[in-house]
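Going by the order they are written in, the chains are A, B, C and D; count residues from 1 in each one.
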Amino acid sequence: MSFTLGANQYGKAGIRLVSVERDGDRHFVTDFTVATALAGRLDDTHYTGDNSAVLATDTQKNTVYAFAREYGVGEPEAFGLRLARHFVKTQEPIYHARIRIEQHTWERLAPHGEPAPHSFVRSGGETRRAEVIVTEEHDVSVSSGLGDLTVLNTTNSEFHGFPRDKYTTLPETRERMLATSVEAWWDHSSEDVDWGKSYADARDALVTAFASTYSLSLQQTLFSMGSHVLRKCPSVDEIRLSLPNKHHNLVDLTPFGLDNPNQVYVAPTEPYGLIQGTVHRERELPSAGPQLW
Amino acid sequence: MSFTLGANQYGKAGIRLVSVERDGDRHFVTDFTVATALAGRLDDTHYTGDNSAVLATDTQKNTVYAFAREYGVGEPEAFGLRLARHFVKTQEPIYHARIRIEQHTWERLAPHGEPAPHSFVRSGGETRRAEVIVTEEHDVSVSSGLGDLTVLNTTNSEFHGFPRDKYTTLPETRERMLATSVEAWWDHSSEDVDWGKSYADARDALVTAFASTYSLSLQQTLFSMGSHVLRKCPSVDEIRLSLPNKHHNLVDLTPFGLDNPNQVYVAPTEPYGLIQGTVHRERELPSAGPQLW
Amino acid sequence: MSFTLGANQYGKAGIRLVSVERDGDRHFVTDFTVATALAGRLDDTHYTGDNSAVLATDTQKNTVYAFAREYGVGEPEAFGLRLARHFVKTQEPIYHARIRIEQHTWERLAPHGEPAPHSFVRSGGETRRAEVIVTEEHDVSVSSGLGDLTVLNTTNSEFHGFPRDKYTTLPETRERMLATSVEAWWDHSSEDVDWGKSYADARDALVTAFASTYSLSLQQTLFSMGSHVLRKCPSVDEIRLSLPNKHHNLVDLTPFGLDNPNQVYVAPTEPYGLIQGTVHRERELPSAGPQLW
Amino acid sequence: MSFTLGANQYGKAGIRLVSVERDGDRHFVTDFTVATALAGRLDDTHYTGDNSAVLATDTQKNTVYAFAREYGVGEPEAFGLRLARHFVKTQEPIYHARIRIEQHTWERLAPHGEPAPHSFVRSGGETRRAEVIVTEEHDVSVSSGLGDLTVLNTTNSEFHGFPRDKYTTLPETRERMLATSVEAWWDHSSEDVDWGKSYADARDALVTAFASTYSLSLQQTLFSMGSHVLRKCPSVDEIRLSLPNKHHNLVDLTPFGLDNPNQVYVAPTEPYGLIQGTVHRERELPSAGPQLW
């Protein structure tokens, strides 16, 4: 009885890279966690342990640090492109390289309102993400994304008109809190993008849409958020969003002789709704970028 | 400028369900975390907030608890099949239902060697997983899996013969520790399976293969683990494995005038190698089951 | 052989409370995780299971939600005082009540620079903390604190002059990164404090001291941070700080023919230095507040 | 205005040490996470940055690895004693050394029932802990403990007879699930202890007491667990337990026309009761060991 190797890849994950650019007294910090993943003609290492095609994951890690010095770090999409191209170009057996980067943001400290030249505080909210794939045939796919962007509307959200079967107990509501922690990936149709500006535009579109959409369902909010990003970012073809519905339930205070006019809520960790969807331009293309579900 | 809704689904995640079966004085505990995800004719809720096709995620959660009482819980694959069929059968707009279950294992306590009738201890190692998809056309996909199965060989692992480029510093080794935390999903070709036995067989095949493979690369170990599962579990068509290489590095003690004959290791959290691969029977079929990367 | 009950307490932890204040169209969000802990004449429940002195932890939780409606939420220190007083006053057997609150901060969203009336984003950095103890004899202890305030100086840090024994390999350095994640508690000598302003002052003092101290050791930075808080906050008697030294190690790029002029660093998760210390005014008082080690 | 340094300590945390003992083909694995903490005449480094008394935390880490080779690892209490004594004996300014060790357990794999000589699986349940303090005056304190031991009784637990005030809604119950995740520290009166046997005895006493106590309150169970440990372990003077009440709530299925005869439960993460207490022998001694609250 014999079996066959299917899809596979390997690389180094959790590569922590912090780079400091020094413009005289004024410093700039870039903080990445990088993961590499290579695929190619790798049957032999699986079948017999012959590693002649296996660029060591330790070497992949070394390359990340060396490139940070040789070429600088810059935007995660551009750094990922440089790395991915290097691996497919220099390693004959490798025909597919994927680089994933998570960026941790530091803000400049400003004691007494004066921006400090070399002191920073970690802004703990969302993390920026980028994924780049380069193939042997020079096909390139670039996606950008974010995670852990947690937002809340205290009003302007309703939920009603849903079907009622024998297991339905949820009352309809014309007034509820709506909170979610945004996770999203969006795919670019080109490499010719100002990555920093594009990310800022997408992030701004997401929160603007969330704040300005009068919501009858989290799905409606999701579609609005996706549409705003496509409208604001011309290079983006498609966006995938994963939105947990972080429930805030009004507490029943009547046992204590109290009313609760939309004031006191309990926010349980689980269970939670999970709304996931895709918004794309008219032309539909298969996405090579990261899938969220 | 107008945009289009693409692939989407929604459901309830983090449904914590503990069920106690009582056979006289002797009790049995089943502990699941369930997640539902439905897809279907859901354009309206995204475009206009019309929820007439949206079975509330709260209702989905209620159904899980009611089914646990009405039909009992049993094996996660079977419980998932029942739930998935219910949703596509009873909700006209829903044509695709996915149920994911994570099972937390409790062992019976045995103070003084005597099995206690109703006392249990959580076995903290691996979690068992199941995913079921049922479509409107009665297509069924059942996958089983596990996570967090952490294993270690203190010898019988080598790594050499890999290419050396200008960024390679890793020395070759004929003797190293090999440790990983197994995450795996395998797809069944049929529903006619003794799920409990099949899971036990697959788990046993994974650890047996890990322990008995003299390893020249973690890829070789991965292929051996996958092959063992296919050999032992006739219903399994394909298995996907994700194996972080949990490095154990020999500490250099020469600065302290000490040798280190493969005795003292440091086990850093990151970075880590990540080896991912698929093993399948000769016939290759597209998998509907959970993807690991 | 008989044994004795020693120190004990009990309560409810993880009480998630979100309160919305509505000033017309403009809303304000307060987000707390509350933990109660009561001590008193509780021997009977331990020795015989007689619960006549045991106010149920469920009741304690209910009280938190009811008070949020009856009296509003406000600052965590004031909310904690009200709760703690309630428990010792109304429950005869309880002579010691401790309330701990962790506050999660939400910032108002400002799409296009315009502050939104009822939309917020979770600021993910530090969490504010408060602990209040009230005893039967009306002794009151109020402490404030924070956690997860992560800060980084890219220069102005040295480390040398330390002793060298046979296990010392660390080179001296005149230039290093200094990063830490501040956890701190400080005790107030009075209840007559503007809690919001005091917290803002303490937080500002911590980051200002971190940014402005030329550091020869993290201990020196710790003492400076504590002193700044005492100087800025007249109600504070003592502060305890726990500062992990989040190492950033310069990567050796010489194997790749590259120098590394303080540019490329690796930031390992572990191991990490851990520096903990107390700064107090001349008079030393035993602290009733939370201990950090 | 001048301030004073109070209690302080410093050390290295997160030291990951894995040691392999090789008895011919048969190997044994010990896996520790070690944290050191030294206190002493350390005013200068806080006030002026003079580090002449500051044994670098990097040196402390090196010492841990070197001692693992020089003396072997063995039981965590014994390894901690050796390290703590070394630091106070060799570093004149240090008068107090604390070593904390968390032990991660590996079980030998036994494919087909045959114990493998050098293959192991991580047992994911509880972690064993030890803390040792040695002072300049040769005072020694040794504590042992554990965390994450999660246990569940499906019956034999009641809760009633508690006071009812205006905020009480909890019904009395004669039948409930009782589950907790045990965290405990116990102090030894002597160093002359077989640490491995003592730990096994204490762990066995904890689970036996949990399983065999008919419980009217979690406090009663706590006292029983503590008493069992003192009875079984003659070297133990005092034990401190922290027991979260991991609630399992019967689901109300009546809206679906179903009864629920103690079968289907929801297990929410929060809020949770938290019961903490101390049990000691008649003579009460101040504990130098780790405090749980």
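To be clear about the criterion, a residue touches a chain if its C-beta (ideal position, glycine included) is under 8 Å from a C-beta of that chain, and two chains touch if they have at least 3 such contacts.
Which chain is which protein? Per UniProt: A, B, C, D = Uricase.
None of the values given here were measured: they were computed from a predicted structure.
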Taking each chain's centre as the mean of its CA atoms, which one is most distant from chain A?
D
Return the chain pair with more inter-chain C-beta contacts, choosing between C-D and A-C.
C-D
Interchain centroid distance [CA atoms averaged], chain A/chain D, Å
37
Rounded to the nearest Å, the gap between Cα centres of chain C and chain D is 23
Quick check: how many Å separate the C-alpha centres of chain A and chain C?
30
If a residue has to touch 2 or more other chains to count, which residues of chain D qualify?
16, 62, 66, 167, 169, 255-256, 268-270
Per the touch rule, the chain C residues reaching chain A in their complex are 16-22, 27, 29, 31, 62, 65-66, 68-70, 106, 109, 111-112, 116, 118-126, 148-156, 177, 204, 207-208, 210-212, 248, 251, 253, 255-256, 258-260, 262-269
Would you pull the chain D residues touching chain C in the complex into a rising list?
1-16, 35, 37, 42, 45-59, 61-63, 66, 90-91, 159-165, 167-170, 215-220, 222-223, 226-227, 230-231, 238, 240, 244-245, 269-282, 284, 291, 293
Could you list, by residue number, the parts of chain B that touch chain C in their complex?
166-167, 169, 255-257, 268-270
